[in-house]
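Below, chain A partners chain B and then partners chain C, in two separate complexes.
This part shows the complex of A and B:
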């Protein structure tokens, strides 16, 4: 029983982190129909921002998270303006974005490799190696903090989408772009800013994972399948779907990892992706496409 | 009424999509304040395109749109919206996962004053009790008629001067179509100028004061709606066999 609770606990805190990693991806797909294969490389850039701030000036990665978000927000806007905006009117936009974002991922992967090499790195604030003991249960502090901060950010994002005027504009553009434009929403601006927000969220999760996973530039290839499986499970473009998908798969993979060995836990996500596409391609909360 | 007192004047508009051929090749309509107008014409005549030009979604390649004495050709859609010209498009233009009330809030997206916006929404809900009952429901859970009602209610949040409806009866059951035209009469009673594009010309014209016949991108004829309904040539050309049924 304790074993099961322990696995659930670890799965749940990791679920929060995965949910934040996926939130930006699903937001960007929802509004712009961009399938952003470069999302994890932005997470890695965020991790490097926090890593260097910690290593050079000793700034705690949770505290440097806002800096990583601002840097990535700006980078996101530049990338969107340079690469995606001009193609927005193309009839095959979604398909094209797969290739374009793939190229963006390759380019940043190469650039980071040149700058920082392929050394595995991890930020090491003191809590990264400590744990909280709850009776027989054991909870690594680093994962716990990262999970908590992730959930707080997702709640903030959901509130922003639900209650602010710009949040209304983002949701409206996601659900019916033409109608939003008809009612006076500047959908071009909404797209640009939403891309920035999505990439800033990638930056935030980068700062948080910098002390729970070791990272190097090419690690993003491993994460894209993981993230795609989360948002496909939840229904592409749906924030709550991504959150539920993240918790479900994180917990399942924690069980798989503990019963079959950790090599198999990553396999959970790939298998889940195949299964969802076979059985319910629209995801748990998505609607059937015509 | 002399044309100088027209609320909206569309003159000799040429327009098309992208680099494609012109759909409108000289279309125009004179819209008089407080009256209901119906644009009829066969498929592909350019009826919907004309509405898109008026509300700024499609630029005119030539010609002029004058609203309230001022040219509005070339303005952005939100600028035209602010002047009080609203389009209710053909496809249901709702936000399916937003609640009825949230959809109405989006209707007043360009209104910055929140308290004013909520007041206007309450006013609309007053006029549409069905929507009030459904306030918290997602738009996609409404019936076809209720969705059309919400789309029209959403337009009223802006207290528009002109409401343009593109095929408001499309895909609705006859009983619901009657309801929708009931609402259109309500708009007229509020003093709103209405322009309807209708495939079902008899229903459209019998609910309108003035009619406009469009064919191959040109305006062929404008005049009182009952005159068009009675004109044997137009009956034969554009109203087809349906005319007899009416």
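This part shows the complex of A and C:
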């Protein structure tokens, strides 16, 4: 019983982090219908920002998270303006944008490799190696804090989407781009800013994972299929779908990992992705994908 | 009566149009030139008799032939049918492992087992396609990445094939100046076969169906094309050539290991070469491969590190997608300036 509770606890905490990693991806897909294969490389860039701030200045990764967000927000806007904006009129939009994000991922992968090499890195604030004991249960502090901050950020994002005018505009564009434009939403601006926010969220999750997972530039290929499985399970473009998908799969993979070994816990996500695409491509809550 | 005539003439016109689309329309002229190129390529290894060491040029050429075969294979699914796969090197890996394990266990040369390796890749492609081709567009691309990840975990942890350390293969006993020549011819044969198959598919009813699918799948389906069967068949055929190339490449490298087959750069190269040359054209993969191999060589000789190579590949891909989405062959054809020697369709 304690074992099961322990696994549930770890799974739930990781689920929060995964949800934050996937939130930007699903937001960008919702508004622009871009499947951003470059999302995980932006997470890794965020992790590097926190890593260097911690190593050079000694700034705590949780405190440097806003800096990572601002840096990545600007980077996201630049990338969107340079590359994706002009694709809006393309006849084969979805295919072109996926390939472009793939190319962007490859470029940044190479760039980070040139700058920092392919060594594994991890930030090590003091709490990263400590743990909280709750009776028989054991909770690593680093994962706990990362999970809490992630959930707080997702709640803030949900509130932003729900209660602000700009949030309305984003949701309207997600539901029906043409209708939103007819009603006077500046769809171009919404797209640009949403892309920035999505990448900023990637940066935030990068700062948080910098002390719970070791990272190196090429690591992002493992994560893209993982994040995709989360948002496909929940229904693409839906924030709550991504959150539910993240918690479900994180807990399942925690069980798989503890019974069959950690290699197979990653396999959970990939097989889940196949299974969902096979049985219910629109996900739990989504409408059918084109 | 008049109506009847009208109907007949429309029918005749449509048949002529269909024949022009699907049939072996040929302006002539390029075939002798291409044969001449082929003869030169077939005789090229004779330069080894001059005594100078030509092993590196031979290596580059057989490497190019390999990518021509793989990219042409990829093109059948990605170019003709419009289904982009970023996990196609899984079949490269399967081909390499089938032939490699047969060589390591029973000593049968990969030259004999390559067709078998291709057949196994085809069978796997058929099964995978059966599952993943139920979805289209972006969802298919995601599923192809998932396939790559699944394959990587399986091969890294499969003890029978040596896990992530792989298996080393016996080396062929040949004098050093001839050591590359068998592989050169094997890759040349596979590359030519893949191009002939591309040409044949493009000029068949099957190819026409694939192009219809890439334009508008729902309309293609309602026009009576068995889209599901066509797509799966295209997937299986494209896996065949990639698998054969993998079989020869494994023996050439003298070891099989997941991280020579299942790295993302191999998949990226296939996609990029095809897009750069021209998706959906027969000559595109050749043009793209030659350009990208030359570009990679330049990068490696100037800067050395493979990380810069990844960066360069990515940037070239962004620029190609933004400014030449139809590729070199496609863009030139649209402008009406395609040289006859590259007009293989």
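The working rule: the second predicted complex is superposed on the first by the 288 of 290 C-alpha atoms of A that agree within 3 Å, B and C clash if a C-alpha of one lies under 4 Å from a C-alpha of the other, contacts with A are read in each partner's own complex, and residues count from 1 in each chain.
The rule we apply is simple: a residue touches a chain if its C-beta (ideal position, glycine included) is under 8 Å from a C-beta of that chain, and two chains touch if they have at least 3 such contacts.
A quick note: this is a predicted structure, and the numbers were derived from the prediction, not measured.
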item	value
Contacts of A:185 with chain B and chain C, given as first, second, both or neither	first
Touched partner set for A:232, first chain B, second chain C, both or neither	second
Contacts of A:175 with chain B and chain C, given as first, second, both or neither	first
Per-residue touch tally on chain A - higher for chain B or for chain C	C
Residues on chain A lying within both footprints (that of chain B and that of chain C)	none
Of all residues in chain B, those that touch chain A in their complex	55, 57, 77-78, 81-82, 87, 89, 93-98, 102, 105-107, 109-110, 154
Chain A partner contacts - residues on chain C that touch it in the complex	82, 84, 86, 131-132, 134-139, 141-143, 145-150, 153, 156-157, 264, 268, 271-272, 275, 305, 307-315, 317-318, 321-322, 325
Parts of chain A lying in touch with chain B, wherever the complex brings them together	165, 168-169, 171-172, 175-176, 178-186
Chain A - residues contacting chain C, complex	35, 37, 83, 86-87, 90, 92, 94-96, 98-100, 102-111, 113-114, 117-118, 217-218, 221-222, 224-225, 228-229, 232, 263-264, 266-267, 270-271, 273-274, 277-278, 281, 289-290
